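Next up: some structures, all given as structure tokens.
In what comes next, chain A is part of two complexes: it sits with chain B in the first one and with chain C in the second one.
Now for the complex of A and B:
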């Protein structure tokens, strides 16, 4: 890679050069004087925590945001990128983190939508097929997007981008939706593209893959560039230090104290798909005991959301014994009744599901606690005791170190990490016997994430059962006593953490070893 | 070229607070232009329209009579709209409350005494609530659009009333006029200060209803449920609140209040059933609800403003000879400016000059050919 770097420096102007790029939203400087150079034929990492300004920077490069200040040079020429179509004309392609695909159309039709209107569909199909095979990303252009896995959908986005023969490809968190094996495939493709002289701007917060793949890295924090480095010369912890600005310690996991008493029992849970593109659940068996943290891994969209709704009671079951909470049949109960049995739930979406965005924190406390703490919070005649909910909210804010700008702000005014700390704290404050959390640290900064994980482990060690659904394997390995994998609406047998390896879990995430579901019933 | 609405990153709290006043000001300006185009002196016309009716005591009584039903209905509608249920049929519920409430004095005129009036009011509440339950059932059972069903039921109610007063309920001693017999004194809503003017208990009902609903919405768990389900339905389900129950609660509460307004109007201001018992109170109340920012206390003030457009319309008809339809024009403009101000507080308008055919948003745009034409 030394070769790549030196050749980049000698081979004329850089492909892309950015000087002093600034974007201001209201009073917030999302990007503050950012400098960035990308040479021809390099994979350049853009590292930073959520909210560091990576997405804002990239949107300016792709023309979907207009910078307030700064210069962008392309092949040595200053340019103004006014729109995404102009970025494409220059030769900048982008693969977004959130796909913009129509599920009811085929892959080829989706690709056609972003190309010139007069290209016949059959030509696009043929081109896409040829391109996909030559890059080792096999893709059936006639397949309906709704039927494809997330990894395959990402391929459509990549092929769509490659069809426009860009010189610079921007990839935003491409592996966050892939299994480890799928990610490996993607890396091979990216390395081939580099060998062909294309440049890649690779946005990620996963340090291992950046160290493996990238030639250079630019690190951002709070809208500013805080360093350039060669990631191969760094350790994950030194990179993390640059990203976060301080040491991040992993959660401590004392040995499990599982007492053997079953807190949550799931027996043959099935659920029909609720909509045309939602995942059915197929005969799920699971048992979570007091004192343990059980992790559920899986690529997004494999039924985790549907599973959470079924467990929480937002979707009820026909059979009462499909879900047992502390020995009681809970399948037919709604979410309030399940809470009264001692369960607590934290959904994936913070705003709009776990919390009402335009309501104050104290009111959001009431959201999940109005039934379980009726005596404390609700007075005669149904009047809310505002003093009681406010002091309880302050107690949670203090316990979880929630940082906020006003004494009792609206939920939407908090950063993602702080709101998540409040939502988790709201449930922990009850000391629930069962805690079910979907994506506990999704989009949360490293400091808050560590605190949340520690709190969940402590809850389990205090004698509660904790079920964590997460796409972040590092997180699951850090927290869980056993990990089960959800794939295609089915749940694997839990693997004790001592026996779990990244490869084993990765294979299950990719759908290996089907037909294991009944075995878990016996171990349950 | 096309216009786009872009969400503002921050809203001005100041403008959000005074937006109803801006809307009122813009309505006056636009009204002045309308009068000028009609060939009247706009200042004189506005004076007759908005100031003259406030100069005499009896006229203030009339203002209270017009404001009462508007406030009572709008207060109910505010609960409906806060919970994201769009009841547009308050006019129909008003009529049905009026009809059911009138049953006692019309069909059993010999049943008299102090019990009659409370019973009539109760039946008015029931009539409105039951009629509002129809769109609620249709919405929860068949997923129909409540805006359409509740609106269409207005016309059903109007024709039902028309048929009643021309047919079975017509006054046998009324020389074939299409109206019921006049209510006996026990069935008439008492006037507050009979010496000064006609204002009756209705305005008291309005103030009490506004205060009670304000307490309900802002201070109780039920009100919290209304607000959560309206603003974030998914968070509401997470809280364990039932969407179906809320549809019925919101519709039947607003229906009951519209029914109360109906029977109060019939037994107070009119004293009998006629083919038409409302000058569009049920629709004007929608404007009142929004002008009052869906806050029951704000609605009290907004109710008087709208009542003034009715009175002013009548006054302007007499003094400067313009059509009383001008009142409707003012109401329409008021709603237009209220909604316009609210929208522009949350969004700003951006002019897009050329159609960007192949940018990233092309995918989204391709799905809506309507916007491609720009």
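Now for the complex of A and C:
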């Protein structure tokens, strides 16, 4: 690791210089005296775990948060960035991690909103179309954003930002919703912009990308800058160590012990779109056997959420045999009935869906298990056995190493990773025969993610069936015995892990024919 | 003047206040604010319009005062909901209650005094045309203004940049803020416009429809205007259709009552509500279109994080 005294070694004039930037939320120092310099014509990576303060820092640079202390200099002049429109005037553009698009407007209208007020509305469609093709991110300007996939929305965000011709482009996790091929195109665009003398601040969890693309990296931990390095000189594991501050182990996956007994069977599952912007499911067939971990990959918004709802029973099917759990017809059953058949479900959204935010952990435990563990938790006359629930909650907290501030805190008081550990642990504690998890480690830091993956693999090796839906391909390759890909509401045949490659899965994610990867495409 | 023509004229007069108030509220809701104070702002417009006209003898000044009163009366709502992010439903309801009470107090000594009616348009030759003359060229100025308003608002919302920005604020205020759009400024503008429209609608009641002041003379029209906006899926031309349908059935059932058809009068009185709801629900049964037109941040308080 090369420690660079900030700005000392950069030769050219610095576009942006930040000194001692601090942001305090209540008692938490989200950013604590952060220094950062970005030179003209460089791609600068900002690395750190969840909650390290990266997003807070860039929000201050973009004027959507006000710093408590510190100086921002732009082209050598100290500036106060009071609002996003001021940031734009200076020449700072940003592509947000959580989309900032308007769903009920068309792509062209979305782009128009961030352009100069004197640009006539009628010319924007043509301009957007031309620019999108020249950057290799084709786009239909007349389409309603609500109808677009997440990848297409990301393109709009990027094009919207580029149309303003900023000198500094901030990209917050831009590739998390792109297929590997789409990400490649984005990198070409970014390299082209660098050659044109633009600067880019690049935030990503994907260390391979950072090593490939970035000239310098600043690493943050707990709101402070802990180091600078040249990412091309580092390995992914050395970068990860700097971010986490300790060694991160990959989950171990012993050979599969699939017994062949089918636990979850999905036969010709179809579902009409539930809302104007949701995806229909088209004739899905799948079988998950005891002892295996089956992964479902796909770019977000291709029907994974709808699929999870159909499997968990949040959305019931008309045909009972569309979904079978341990041989029983479950298509018409609700969530509790499916749980009673031995299934367990962990939805994507932790707060408000996986757990009630303002209720204690023990209460959340009771909410999800009062039917399946009736005898253990509910006494005679329907009274709740609070002692038994308390001890079960503590058992889960201990088993999953949930870190918390109080003995039995509210769900909302936990950090995302710790709450996710509790929610997963709550289901694992039942030893379910079938576990269905949607985005098990989304927004969870590396240490907690490894713990969760290991626990799921262990459950499968103990003879249960595990179905994991995830956008994180590295995670799926680490955990799964086979990977199927969901695209546009259709599911490909599962590919055994030994035959699966990143290219194969990537092509399927981009919409190559389900289950049949063409030879020509494979070599492309 | 023929029977048919006079019926059509009364329909237009009955529909106009609903149309104006609903168009104003439509702009407010398109910006993401739910103002349930329409009834209150409308009755304030009615009493202030009437009092100004009665004191000065000028119905034109009355109209102007009605508009100003409505806009001014929407200001406390704007301040409370936009600046200190109070609950929009509760604040709007209190605005209506306050308006009803305040208007009774202001108008107390004017109950029963003779009103001043806004004169109708008269174009020699045209107005005297048979059948359509009075309808097209012989109505009060507010009628023409209301039709103009529908098309102007349609053009504004869907063809201008400011209109696009207003819709974006109503769709997602957090994103709009992140783009540097002054969310609260746009909403102030929309709420004031809605207040002015409600005030004008009220002035129409006390200066055209029935040129006099009666306590609570809006008689729930503000609520009907609110319902029209929702059932018309936030689209101006559908509001026009809904307002006229409501006006037509209201007048129609009055005539039916006069004829004595033997249908209970309570049932007939409820007919305008039923017919409007049924028709507007039928035309908005395309759920996708409705969802796209529904302002997604409607009624949600906006607090920028700094």
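One rule holds for everything that comes next: the second predicted complex is superposed on the first by the 498 of 524 C-alpha atoms of A that agree within 3 Å, B and C clash if a C-alpha of one lies under 4 Å from a C-alpha of the other, contacts with A are read in each partner's own complex, and residues count from 1 in each chain.
The criterion applied here is as follows: contacts are C-beta pairs under 8 Å (C-beta built on N, C-alpha and C of every residue); 3 or more make two chains touch, one makes a residue touch a chain.
Predicted model only: the values in this text are computed from it and were never measured.
Touch criterion met: A:314 reaches chain B, while chain C stays clear of it.
Contacts of A:254 after superposition: neither chain B nor chain C is touched.
In the superposition on chain A, A:387 makes contact with neither chain B nor chain C.
Touching more residues of chain A than its counterpart among chain B and chain C is B.
When the two complexes are overlaid on their common chain A, residue A:84 makes contact with chain B and with chain C alike.
Judged by the touch definition given at the top, the superposed model places A:114 against both chain B and chain C. Once the two complexes are overlaid on the shared chain, A:66 sits against chain C while remaining clear of chain B.
Shared contact residues of chain A with chain B and chain C: 62-64, 83-85, 88, 96, 100-102, 113-114, 117. Partner chain A is touched in their complex by these residues of chain C: 159-161, 164-165, 167-168, 171-172, 174-181, 287-288, 291-296, 305-306. On the chain A side of its complex with chain B, the touching residues are 25-26, 62-64, 83-85, 88, 94, 96, 100-102, 110, 113-117, 312, 314, 334-336, 339, 345, 347, 349, 352-359, 363, 366-368, 370-371, 378, 381-384, 386.
Partner chain A is touched in their complex by these residues of chain B: 9-10, 219-222, 224, 227-228, 231-232, 234-240, 356-364, 366-367. Residues 62-66, 83-88, 96, 99-105, 109, 112-114, 117, 121, 144, 146, 275-277 of chain A are the ones that touch chain C when the two sit in their complex.
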